[in-house]
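A short worksheet on the structure shown next.
For clarity, chains are labelled A, B, C and D in written order, and residue numbers in each chain start from 1.
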Amino acid sequence: MENRIIEKQNMDVFVNNLINSDAEVVGAKRKDGKYAFGKLADATELCLDYDLALYPPKSYLLPPKETLIKFELGEELEAEPVVEAERVILFGVHPYDIKAIELLDVAFSGTNPDINYLSRRAKVTIIGIDCLNPNPNAFCASLGTATTDTGFDLMLTDIGASYVVAIGSSEGEELLGKYAVTREATQSELVQRDEQRQKALAKYKVALSMSAEDLPELLDKSWDSPVFKEKSEKCLSCGSCVMVCPTCFCFDVQDDIALNLKQGERYRQWDGCMLVDFALVAGGENFRRDSETRFRHRMYRKGKYLWERYGKLGCVGCGRCASACLAEIASPAETFNTLKEERRQHD
Amino acid sequence: MTQLNINVHHVTRVEGHGNITVNAKDGKIEEITWEIPESPRFFEAMLRGLNYEDVTWLAPRICGICSVAHSTAAIQATEAAFGVQPSEQTMLLRKLLYHAETLQSHVLHFYFLAAPDFLGVGSVFPLINTHKEVVLRALRLKKLANDLADLLAGRKTHPTSCVVGGFVKFPETSQLGTMRQRLSEAMDDLKETVKLFKGLNVPDFIRPTEYIALKDPKEYAFISGDISSTDTGIAPITDYLEMTNEFCVPQSTAKFSRHARDSYMVGALARFNNNYSQLLPEAQKAAGELGLKAVCDNPYMISIAQIVESIHAVEDSLRLIDQIVARGLKEEKPEVKVRAGRGVGAVEAPRGILFHDYTYDDKGVLTEANCVIPTNQNHNNIQKDMESLVPSIINKTQDDITLMLEMLVRAYDPCISCSTHFLEVRFV
Amino acid sequence: MISQAIPEASIYQPRPAKLIRTEAIAEREKLFEFEFRDGGELGHKPGQFVEISLFGIGEMPNSISSSPTKNCSFELAVRNVGNVTSALHGLTEGSTVGIRGPFGNGFPIDKLKGNDILIVAGGIGLFPLRSLINYVLDKRSDFGRLMILSGSRTPQERMFVSELEKWQERRDMELLETVDRGDEKWTGNVGVVTTLFPKVDIDPQNTFAITVGPPVMYKFVVAECKKKAIADEQILLSLERRMKCGVGKCGHCQINGVYVCQEGPVFSYAEIRKLEEAI
Amino acid sequence: MKPRLGFFDFTGCEGCQLEVINFEIELVELLELVDIVNFREAMTEKGEDYEIAFIDGAITTESDISRIKEIREQAKIVVAMGACASLGGVNCLKNFRPMEENLKIVYGDCAGYYNTIPARPVSAVVPVEYELPGCPMNRYEFLKLAKALLLGKKFELPNYPVCVECKMVGNVCVFDKGGFCLGPVTRAGCSAICVTTGRHCWGCRGLVDDPNVNSEKEILQKHGLTVDDILNQFRIFNGYLEVSK
């Protein structure tokens, strides 16, 4: 992989050039004392040293609400698929969020490729940045998601006076050539990058007490653990944990019709397994009626089900769910560690 | 022998319930009453014991039609009690928001509630077929007003982002720019409105009375200034009790008021009669075109005064936006220090002067509240108008008389639902 | 930058199909026969389902009730329980609906071939099973014995009565029926469907038990099958779950790690044993 | 024939009726599909042949009770619009004081002229088919219901809390800003408008079906509210629940 250098004083120029290109540039901005991704109007709005954006960049690929089909009722039914995709440059995405997008990529392609997701995805350029100030709830170091070698077009690392830029794709290379002032990276700058990454790894406050690969097996043995009931007693079933999660992608589909009762649309909207009616069917049967079963399902989806299905964990350790959960129960790391501890005492 | 028995149970196209009763025999009037049988709501009792943030959040619920007025009055009363001085930017934004409500409420009134009488229909609904352009114009104006309120305060009914000390959400400059464009385009719709109403036949009825409204030396007052009476001059808003002098009458859950005369009027015409010289140029022009001259003693002209005020509201909104943009919009955080005390807030609701008077303890919990609503103040004037009007039209048919009376009540645009919520004044 | 190719068509776009015939089945149940507007075939296997759309109302999963041996058209049997189902019940012949699918795995026909088949239907569980039954009857020589145990709550709630009567008369199959609660006219068995098990004699080695019915039924049916020494691999169940997409994305139908719309709806008990929340 | 609608107001601010009159172009479209035969706030004619009755305001007098019963007799479908009609709403704040005391506070010596009974939602007096909670009700939800009725579709309120919508619009949680919020137990459907516009959720849409009120109370206490504060917050729109328990 080729590496270049952008001097810090040249960064704003790069960003502003991108803003002035035909793409929408999205980056972390300050919002009410937190950070959130949003469209940039100027490079000065962009924060590159943020710890965690409240929401993952998921909504640029899977919007909270998205039209799938437009229809018109009449003699002959007319229904057309709707595929909307704008060119978006996600600027300053942390590795764990890139890993999460890699999971979404797998889930939305494969045997039943999803045209809406994939069309957006094709128009999204990812400029990553290494996370040097992890959020106190994050545990990426334990999941191998604190850094990434894949999934980006460009990857920045702040090494003090400048950024090292790793080129991940020809498109990234082109952007760099066209819009940024760069130079070749020296060997010592690459060493500095490694040091920065190492230092960041040491800053994580939360860690798994086992390796990520052991999770599916641990969960295999933990179905009857009392921890699910204990924790879920506080659960508000508010869905915050799944809504903010970069790897959650469940959705609901509904029809809406105009007041003339002719034209309408079928849309999908974020949904989540922590919500009470998620598994409810018409006869009134609810396959996960109590919060314990929902809570457990989420933990298993994070640590086992998606792994078995897609070969990737359903959690990248960003810590957003833990930050969003008012009941302070949502962190998978906490539950997994408790389960591990139970196992240890059991064995 | 002619017998006249008018009994309008629940006058329609007004907010809340009001009944008209007229009994006459052979031209001799036996009874004329304007009665308000609204269910009392006890807001003043309900607000007691609540924290000031909840108080100012609940106050707009007094009336959905003029919730911005109640919100502003409540906020300003609380600020007065705490000694909070709103910033210049806050006042500019508040005034702009306020114009949104004035415009929305006035358009609703003169197009939806009053106009059907002039056009000989029972409601605005059939006009959609017969006068589609008129209805669409009204809807456009209302949409503009709603969108302006949404932009500044989250929504029009029960605004969310205006708080004690200022605002918690701010529009973007670009949004204000778009709004400015739409406001200036709306002037055409308002000019068409003037044309429409110029052609309508407003009943000719004169009864001189006292007119009370806020007055601010700097501008046509809506949310600032002192109390002004065409009879007795200026008084500070804290003297509102002497002005409003409420008293109970058995036929009504609302309280009646009187001041220098038997009754007085508040609202668009009262404001016009007090402050006409401060109207902005386009509004002045419209007043001239519509034949509205101060001091006007014809209550049926209230709707006309509302049209004039709507134009003023749009003109002034344009100025306010320019000012806000020129100063540069800043995200000011509201700063509030709670202290024990009492404060009065006075604003010009679309229907007239409105007072909120709150007493808080040192934790910011409300201990006493009094709110005096414009329509309450008008009830007595409506009664006196009826007493004066009926003898002069007693020879008309019962249907005509009924219509004239209903139109009279509607001209006041009474907001009865809110008028009955607050009455008694008992500060010791 | 992404390596996945963008597909040409949307997996959410239904194919227009014309309602060509409706027939009342029972009080709340109706049969609908459809033909694709484009003349194409559904190309399904017994046990698969489709997503049927009534635009403006919604979309819902529904099993296919006809056998694939019946060409060109296909049938859905629907109980009126909610929005889409009741709108469907109100449709007149000639109306257009949208169809996606077929989805799901269906019954494992290849494995069933040459074996005896014991079908256990509860209520509208007969809807998907009818597809299989008719398939077996159409290819009678490919299969061994065909035994059907069918339970309804009341005589009025028996599905496909005329077909039941025809089946009753056939010599090449056995049908036993029961109702939970009888009435004056009912002369047959009374009791839940599991009470029929003692009345059939089977050869467990060569028998596949296939059951569809309300969720509560499964545990009891499985217990009876096991009593008869049918291997877990040869006990097949079709499960119902909430479904929105039918294509393994929306997450609603997930039972542990499996998606009912992909790996199901038909599962062997051997698989289900490992799924904690399945039955 | 077009369905015939009637609108009736009880004790409330009439803001929900205003939301209907306040429709913009939708009003024109709606009137192509329905006939409004009774709407005192907007029209003179009073048709008594309505099929669908929209009620705003709470029930707070004896005469309210008889009037709502009459409406129920006539209407095939009764819809409660807004927090007052659906939940009792703010009106129920007075239920925490004896009625005589309320009368005295507001009317003093004139208290004898008036009468009042504890406030209650419409459903406490007559059966109600649909409720559109919210203060004011959400106009888009009103349209959604109207369309569902026209299509013969059943209408359901979301059964998840406001937090979901808060997340969908990308808000910073009020708790994160140092405040507090009733969103975690309040029924969604408002697009979290109060939080989005800078405030917190007061619960005007009522609680979700199975709210975890204990957990919410614990959270509120953790964020500095006293038991009294918490009660007051719940009472502002959901007081009726507490009294009726």
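Note that contacts are C-beta pairs under 8 Å (C-beta built on N, C-alpha and C of every residue); 3 or more make two chains touch, one makes a residue touch a chain.
Please read all numbers here as calculations on a predicted model, not as lab measurements.
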Highest-count interface - the chain pair sharing the most C-beta contacts: B-D
Most central chain, judged by mean C-alpha position against the global CA mean: D
Rounded Å distance, chain C centre to chain D centre (Cα mean): 44
Chain A-chain C separation of Cα centroids, rounded to whole Å: 38
Chain A-chain D separation of Cα centroids, rounded to whole Å: 37
Whole-Å gap between the CA centroids of chain B and chain D: 25
Residues of chain C touching at least two other chains: 56-57, 82
For chain D, residues contacting two or more additional chains: 151
Multi-partner residues of chain B (at least 2 other chains): none
Touch relationships between chains, expressed as pairs: A-C, A-D, B-D, C-D
Partner chain D, residues of chain B touching it in the complex: 10, 12-17, 39-42, 44-46, 48-51, 54, 57-58, 60-65, 67, 104, 108, 112-113, 116, 122-125, 128, 132, 135-136, 139-140, 142-143, 146, 153-158, 160-161, 163, 167-169, 248, 250, 253, 255, 417-418, 422-424, 426
Chain C partner contacts - residues on chain D that touch it in the complex: 151-154
Interfacial residue positions of chain D with respect to chain B in the complex: 9-19, 21-22, 24-25, 27-28, 31, 36, 39-46, 57, 60-61, 64, 90-91, 93-94, 97, 101-103, 105-110, 113-114, 116, 135-136, 193-194, 196-199, 202, 229, 232-233, 236
Interfacial residue positions of chain A with respect to chain C in the complex: 68-69, 71, 73, 76-77, 79-81, 83, 105, 107-109, 111-116, 118-119, 121-122, 124-126, 152-153, 168-169, 171-172, 223, 249-255, 257, 261, 264, 266, 268, 271, 273, 278-283, 285, 287-288, 293, 297, 300-301, 304-305, 308-309
Residue numbers on chain A that touch chain D, as the complex places them: 31-34, 36, 54-55, 59, 64-65, 233-240, 243-244, 256-261, 269-270, 272, 275-277, 291, 323-324, 326-327
